[in-house]
Amino acid sequence: MEAKYDFERKYRDQVLRCSNCGFCQAVCPVFGSTLRPAYNARGKMLILKEVMDGTIDLNDELIETLFQCTTCAACAENCPSGVNVPDIIKQVRKDMVNIGSCHPAFKGMNEVLKNHTNIYGEDEPEDFERERNKKAEYVYFIGCVGSCREDEATLETLDLLDRLKVDYTLIDEVCCSGVLEDVGYDMNEDLVRKNMDMILATGAKTVITGCPYCSRTFNNKPQYAELKEKGIKVLHISQFLKDFDFGVMTDKLVTYHDPCDLGRHCGIYEGPREIIRKIAPNFVELRHNRVDSLCCGAGGGVRGAYAKNSIAMARRRLEEVEEVGAEVVLTECNSCVHNLANAKLRKQKFKIFNISQFVNKLMEEAE
Amino acid sequence: MDEKSKKALIHIVGEENFTDNLIDLISYSKDASGHSHRPDAAVWPTTTEQISAILKLANKDRFPVVPRGAGTSLAGLAVPEKGGVILDLGRMNKIISVSVTDRLAVVQPGVVYADLERVLAPHGFFFPPDPASGTVATLGGNVATNAGGIKGAKYGTTKDYVLSLQVVLPDGRVMRTGSKCMKSSSGYDLTKLFVGSEGTLGVVTEITLKINPKPSLSSTAMATFEDLEDAGRAVSEIMHSGILPSALEIVDQQTLIAINQNTDLNLPEVEAILIAETDGHTREETQFQLNKVIEIFKKNKAATVKQADTKEEAEALWTARKSAYAVMSRINNSLAVEDLSVPMSKVPNILKTISDLAKKYDLKIPTVGHAGDGNLHPTISFDSTNPDEVKRVEQASAELFEKVIELGGTLTGEHGIGLAKAKFMHLEHDPVAMDVMRSIKKSFDPNNILNPGKMALEVQDGSQI
Amino acid sequence: MEIQGYNMPDDLHYEENHFWVKEEGDLLVMGMDDFAQTMAGEVVYIQLPDEGKRVKVGKKFAKIESGKWLGKVYGPVNGELVAVNEELEMNPGLINDDCYGKGWMYKIRPDDKGELANLIYGPEAVEKWLLAEIKKYAEE
């Protein structure tokens, strides 16, 4: 039988290989907070198997599960059969969009990015009181969440870069647009072109991003290949800060939340920990850490489309913070900070910061 | 199932705890076995009262109800073979209490095994029957199947630890069985009737479990055998040597080949590997026991024997056994996981049978298992899209079960009968026993609404005796 | 009164960023008005600062978010935050369901109740203001 959809053409073997063991239920953040098997990786594979068998077609009824996945890849990491569910889901979403079946939030986001500079459609983000587009050694690329939702965190990171006397410039950045490919669409070539032109115009040899998703996009997507071709390196801020000596310390009990986009997706676990141990020797790991880190719930577009479930997932992660009694949770991803901060209960007294933000606070206190 | 019944269900559990959405019907149509059937609806109850009302309604409107935990059954226990309503107990997941003084834990059926372990650990206690699916499987499911696990040889299975149950009967009445005492001989032992009854006699809504103090130390050793039957003999001898290892597992050649193809563990592809663990509170104790095991390994021509000196080394030795399922599932696109058990003296025989059947039917049957209690998992790996291969798998299974029964064994050590082995029940149980089982079912569930179609409780034409 | 389908009770004062204010003894209660709640869509998060926080007139003191929008909550008067609606922590949707009742957000002890006079009040003023706002949002 000829495959009807692209996901079957590319991933038929994997979908068939799912043995329905259900082990993914142990690690899936969406299942963990909703306890609804239809949302779990196994449920999604069962549905796709039926689509491949021809028992059902892709249709609107499947939106609720096919578009509700943070693509955190915890399932793929734990699958005994080696099924890469997030890759399959991203392809299915494209098939769904092809037949006109898509979650309105993502359809909306694709439209917004045609006419605006970021996913929120907010064309007047903070200027952070810094010059943009000047010549410099580094470009600091903030990312949509950092610009429009976590401006306080971003400001502190920029303050830190100033303290460290880094020669950087901001640019009139636009959305890296990587997220579109995860939710069924294609990257926005206009936005990609704008970013690359602006970066090249600064003469910078390195781009530092505040957002690990942006750095992944710049490093891995062929649309941004020109950066590599022109010898421009892209680093996430945690990689950039790794070798600095900040000269400050705190004795607070600190823990670290591995963002999926930095950890499982890039294999960067120790760098951020090295920075933290220098400034906060009183460090404790969360129950699920490094490759087993529990997703904060914001990724894969879920925060935009299923905000309540997204925050519920973050709440579940914060229970692990309570469990170890940490006073401060550090991470280095504005999306994580945003979702975790929204989920934190008033009775939970710990603070949530990016590492760079926290270092800046310590340096400010020391002055 | 008609709209009236659906409305009544919504009235009982609330709209947000009822679903007949397509995505849910599909997700609930399978468990971890090869069987599949869609339900008409699913509910997420949170109280015993709701379950009681649902079962009363099911009897009135005559629709099937299928209780479900994590849906990791390997035998089709959770598949709604006759449609009806899935009772997903996952949201009844509270650990109600833990009492170290009374040596018990009271849990709701939806509690995941691993979560209970985590709560017991700081007290120095554990719940010994540890299924391989412990990170996802729920205790309600463990009770339904009388789940075993790697520690079964020394510590027994779930039924040895269930002190008391709260059950909703198929007619909606609620009752308690057993007692919180360590011992009781009062009235019929209804607890043991429900444990392993595969959700066909009642829905368990609260479980009181006996917990054990956890030995703080263990010693681990691994032995390789060029000859499968030597390994089998070693297993038998160890289990009657005077000591009880806390685990004695076997990994066969087919599995080792698959492991090497998928990992860089680089294990010797011998006919069998045995992994033994002994536990206790002092190093003298664990070592004394392990020495006996090692002696027997050597006496039975083990090619190599390695003892782990550190915790890390022990974990490395266990990796072979623990990665078995993963590598088996990559050999082909489908697995038929068997779960036979034989008397200890017959372990070598059944190992040979499996190997012969693999050759006869040209199939790959990697086998691992709890050699220490005679419970093996020959796992047939096959291509489910190839009808000829599927037929050979069925024939091989049938012949395997016949041989198992001939040796005095049982069809299932811990997974249960469900759908997968229903048609072989008559091989193991005589007609009077089957008649008694069917009478018990009829007495508890005259309208056959609770998990119908399982365990060969219905006769061939679908009606009940 | 009802203005083009939006419910805007007459007895309330309105801050220009669409927050209503009501006297309750010597405290002021505030929340979001029906127009804003409708424009925002389902509220998923509202920041609930600690009691004792200073509130400054015209200055943002909290954040509120729906799926697609981030809004700022502005102080209607100068004063001190004395209470927050804790129900909104787990149930921010109350702001959509019942923005004038169960969806109330904050209670403030004003430095000077007289500052209420600076807010929009009375059917004529409210109607003129809201019609202009409706037109403004329609053009965006």
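For reference, chains read A, B and C in written order, and residue numbers begin at 1 within each chain.
Convention: a contact is a pair of C-beta atoms (placed from the backbone, for glycine too) under 8 Å apart; a residue touches a chain by one contact, two chains touch by 3 or more.
These numbers were taken from a predicted model, which means no experiment stands behind them.
**Q** Going by C-alpha centroids, which chain is farthest from chain B? Tell me that one.
**A** Taking each chain's C-alpha mean as its centre, the farthest from chain B is C.
**Q** If I average the C-alpha coordinates per chain and also across every protein chain shown, which chain's average lies closest to the global one?
**A** Chain nearest the overall C-alpha centroid, as shown: A.
**Q** I want to compare two interfaces, A-B and A-C. Which one has more contacting C-beta pairs?
**A** Spelling it out, more C-beta pairs touch across A-B than across the other pair.
**Q** List the centre-to-centre spacing of chain B and chain C in whole Å, with centres computed as mean CA coordinates.
**A** 57
**Q** So, what's the distance in Å between the C-alpha centres of chain B and chain A?
**A** One centre to the other, that is 38 Å.
**Q** Return the distance between the CA-based centres of chain A and chain C, expressed in whole Å.
**A** Result: the chain centres lie 33 Å from each other.
**Q** Okay, in this complex, where on chain B does chain A touch?
**A** 21-24, 26-33, 44, 70-72, 88, 90-91, 93, 112, 114, 133, 135-136, 325-326, 329-330, 333-335, 385
**Q** Using the touch rule from the top, collect the residues of chain C that touch chain A in their complex.
**A** Within the complex, chain C touches chain A at residues 42, 44-45, 48, 50, 65-70, 84, 86, 89.
**Q** What does chain A use to touch chain C in their complex?
**A** Answer in residue numbers: 105, 108, 120, 148-149, 304-305, 307-308, 311, 342, 345-346.
**Q** What residues of chain A sit close enough to touch chain B in their complex?
**A** The touching residues are 13, 16-17, 19-23, 25-26, 35-38, 40, 42-43, 46-47, 50, 56, 61-62, 64-65, 80-82.
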